[in-house]
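Two complexes are shown next, each including chain A; its partner changes from chain B in the first to chain C in the second.
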Partner chain A sequence: MGEEQIIFYFFAASVLISALCVVVMKNLVRSIFLFFVSLFSLAALYLFALADFIALAQVVIYAGGVLVLMLFAFMLSNRELLNSLKPAGSGFKVNHFAGILISLLFLFILVTVIVKTDLNQLDWMQESVPIHVNDNSTHQIGIHTMTAYLLPFEILSVFLMMVLIGAAHLARKGGRA
Partner chain B sequence: MSFYLTYVLVATALFAFTALFTLFALYSERKISAFIQDRVGPMEVGKYGTLQAFADIIKMLQKEFIIPTAADKVLFILAPIVIFVSVYLGFAALPWAPGLIPSSLNLGLFYIFAILSIETLGILMAGWGSNNKYALLGSMRSVAQMISYEIPAGIALISVVMISQSLNLQEISIKQGILTTEPVYFLGIWEVKTIGGFLAWNIFQAPHLILAYIIYFIASLAECNRAPFDIPEAESELVGGFHVEYSGLRFAFIFLAEYSMMFLVGMIGVVLFLGGWNSPLPNFGTAKLALWTSGIGWGIFWILIKTLAVVAVQIWIRWTLPRLRVDQLMSFCWKVLTPLAFLCMLISGVWRLGMMQ
Partner chain C sequence: MIPLSHFMLISAGLFCIGLFAVLTRRNAIQVLIGIEFMINAAVLNFVAFGKYDKISGGGQMFALFAIVLAAAGVAVALAIILNVYKYFKSIDPSKTNTLKD
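Let's turn to the complex of A and B:
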C-alpha cells in the first residue's frame, strides 16, 4: 500500500468513525464537535480528488459557519433541557420501526446503485479531461459558472436572496409578522 | 526521505518563529504600553527588563495544570490545541521572500481564510469545556464578533484579489514590484514597472485600496480580539473571557495563538496591500535602490520590518483607545464597515475594467 492509500484510508476511516460517533454519542455538544472531525476529514478527501476549492469551501461553510451556528443554538439553550433530551433507555421500541425501515431501504438503494454502475464505462467519465495537481481550478470554476452553468448560478443567487430577506423579516422586532 | 525532512524542518522553523515572536511582542507590548501611560515598564529582570518575557515563560512552564471538577475534560484539554494549530496552519501559505514560501498554493488566501475560521470552534470548545459562566459568555461574544467581522475583512480582501487576479499570495507579491512581467501603473496612469518601490504597492496601484486596507485593519483587530474590540475578554465585566480557567502551558498556548494571530493578520495585510517582500525604495535614474534592495535576504528583512510596524500600530491602538460597547461594535461592523467594503469591491471591478486594460 502506497503512502497515498494509507492517508486516504486514514481519512476515510476518520469520516466514518466520527460520523458513527455523532449518532451514537449521548453528549450532544461533544457529538457536534465530532461532527467537525467528520466534516474536516471529508475536506481532506476532497483534496485527494484534486477538488481543492471544494475542500476549502467545505471548511469555510460547514466547519466555520454551519457548525458554529449549531453550537450557538445549543449554548443558548438550557443545560437541564439538554439533559432531559437524552434518549431514555435502550432496546427496540415500536416507534423505532419506521426509522429502521427507512434506513434499510436507503442502504438497499445505495448498494444497488454501487453494484450496478460500471464506473469506467460512464459517458461523462470517458469524455472528461484529466485534471492535474497544479491546475488552477478556481479559474476553471469561474469560467464555467459564468458560461455553462450561468442559469443555475443565477437561480441560486435569487434563492439565497429570498432566504436572506426571510431571515431578516423573521428576526425583526415587533411581532406583527 | 529528505523530502519529508524539509517539511518537518520548515514546520519547526515556523513554530520557533511564532514562539520567538511572542516573546518579543510580549516585551514590546509592555514597554510600549508603559511609554504610552508614562510608566517605565519591566526594569528588574536583565538590562532594561529585556529578560522579563523569558522569566514569564519559565513561570508559566512550572505551573500546575488545573482542570475544574465540573469541566468537560476532553473539550477543555483539546481547546488550546485547536486554537493554536488553526492559527499556526495559516503560516503555511505566507510568502517570506521571492521564491521562499512554505507552500505555494493556488488558493493561498482562501486557504488562510478557511483555516482561521476554525479558531472560532476552538474558542467555543474552551468556553463550553470550562463550564464557567464567564468563560461561556466570553466565548460567545468572541465568536459573534469574529463571525461578523469576517465579512468586511473578506470583502476587502476580495477587492484586492479582483485587482491582482490571483489567490496565490506569492503571485500577488510579485505583481507589486520590479520582478513582475506585467505593466504596473501608479494610480492607474504612470507606468512604474521599472521604478518599483512603494509606487508599485497595491494601495498605490489603485487608491481605493487604501480604504480597503483600513477596513481590513480594523476588522483584523476585531478578529484578534484586541482592544478596542476586546469585549470577549473584558476584564472589568468578564474576569478574563474564554480563558479564565486555563493555567500553565495551556494558557501559554492560547496566548501564543493570540500573538501569532496578530502577526498573521498583519502579514496578510502587508502581502496584499503593502507590497509584501518588495522593497519600499524606488529606482531613481542610476540609483537602482529597488534593484539593490531585492533578493531573499532583503525580502525577509522588508516583510519583517513592515509586519512588525503593523503589529506596533496594533499595540499602540490597544493602549490608546477605550473599549467599544457590544451594540456599538455590531452596528459599526454591519452599518459602516460592510457597506464600505462592498463599495470597495464595486470600485475594484470598475477599476479593473476601466483602468487596467
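Let's turn to the complex of A and C:
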C-alpha cells in the first residue's frame, strides 16, 4: 500500500466519520463546523480523481460560501431560534429506527450494485481517453465551458441571478414575505 | 491508482448518511445539510467517472454545475428557513404544516 492509498483512505474515513458525526450531533454549531471538515476532506478526494479545479471550486464555494452563509444565518437570527434548536425530547424514536432501516437498506442496495458491476470493463471506458496526471485540466474545463457546455453555462448564469434576487427578496426585513 | 469502485462506495456511504439526516432530523438546517451531503455524493460520482473521460469532459463540467446549483439552493433554502421561523416560531419541518398565510 503506497502513500497514495494511505492518504486516500485517510480522507475517505475522514469524510464518512465527520459526516456521520454531523448527522447524529445534537449541537447545531458543532455539526456545522464538522460539515466544514467533511467538505474539505471531500475536496481532497476530488484531487485523487484528478479534478483540481473542482476541488478548488468545492473549497471556495462550500467552505467559503455555503458555510459562512449558514453560520451567518445562524448567528444573525435571534436568540429564540437558537433556543428552539434544543432537542425537544430525547430518546430513541420510532422515526429514527425507520430512518436507520431505510438508509441501511438503501446502502445495501447501492453497495450490492457497485460490487456486482464490473466497473473497469464499461464499454465507453474502453474507447475513451483517461485524464493523465500531467494534464492541465483547468485549461480543458475552460475550453469545454466556452464550446460544448456554453448553453448550460449561460442558463446557469441567468439562474444564479434569479436566485440572488429571490433570496434577497425572501430575506428582506419587514413586510409580508 | 485508486479503483473507481472505491470512489463509488464512499459516495454511496455519504448518500445514505444524507438520506438518514433528511429522514430523521427535526431541524430544518440539519435536513439541509443532509441534502448537501446527497448532492456532494453525486458530485463525487461525477468526478470519479470524469477521470476516464478527457475528451468531452462531461463529468467535471457537470460536477462544477452541480456545485454551483447546490450553493444557489442553500442560499434560497436558508432565506426560506428564516421566514418559516418568523412565521411558525419553529424550524421543525414536522411542525410547519401549511403553505399559505
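The rule we apply is simple: the second predicted complex is superposed on the first by the 139 of 177 C-alpha atoms of A that agree within 3 Å, B and C clash if a C-alpha of one lies under 4 Å from a C-alpha of the other, contacts with A are read in each partner's own complex, and residues count from 1 in each chain.
One rule holds for everything that comes next: a contact is a pair of C-beta atoms (placed from the backbone, for glycine too) under 8 Å apart; a residue touches a chain by one contact, two chains touch by 3 or more.
Computed from a predicted model, the values in this text were never measured in an experiment.
When the two complexes are overlaid on their common chain A, residue A:136 makes contact with chain B while staying clear of chain C.
When the two structures are aligned on the shared chain, A:96 is found in touch with chain C, with no touch to chain B.
Using the contact criterion defined above for the overlaid structures, shared-chain residue A:114 touches chain C, although it does not reach chain B. Shared-chain residue A:12: touches chain C; no touch with chain B.
Legend: residue contacts after superposition of the two complexes on their common chain; A:68 is shown touching chain B, with no touch to chain C. Contacts of A:53 after superposition: both chain B and chain C are touched. Touched residues of chain A were counted for both chain B and chain C, and C has more of them. Common to the chain B and chain C contact sets on chain A are residues 53, 57, 65, 137. Residues of chain C touching chain A in their complex: 1-10, 12-21, 23-27, 29-30, 33-34, 36-37, 40, 43-44, 47-48, 50-57, 59-61, 63-65, 67-72, 74-76, 78-83, 85-87, 89-92, 101.
Residues of chain A touching chain C in their complex: 4-5, 8, 12, 15-16, 19-20, 22-23, 28, 31-32, 35, 38-39, 42, 45-46, 48-51, 53-54, 57-58, 61-62, 65-66, 69-70, 73-74, 77, 80-81, 84-85, 87-88, 95-96, 98-100, 102-104, 106-107, 110-111, 114-115, 117, 119-120, 124-125, 128-132, 135, 137, 140-141, 144-145, 148-149, 152-153, 156, 159-160, 163-164, 166-167, 170-171, 176-177. For chain B in complex with chain A, the touching residues are 72, 74-75, 105-107, 110-111, 113-115, 117-118, 120-121, 124-125, 127-128, 136, 140, 143, 147, 167. Against chain B, the residues of chain A that register as touching in their complex are 27, 29-30, 33, 36, 40, 52-53, 56-57, 59-60, 63-65, 67-68, 71-72, 75, 134, 136-138.
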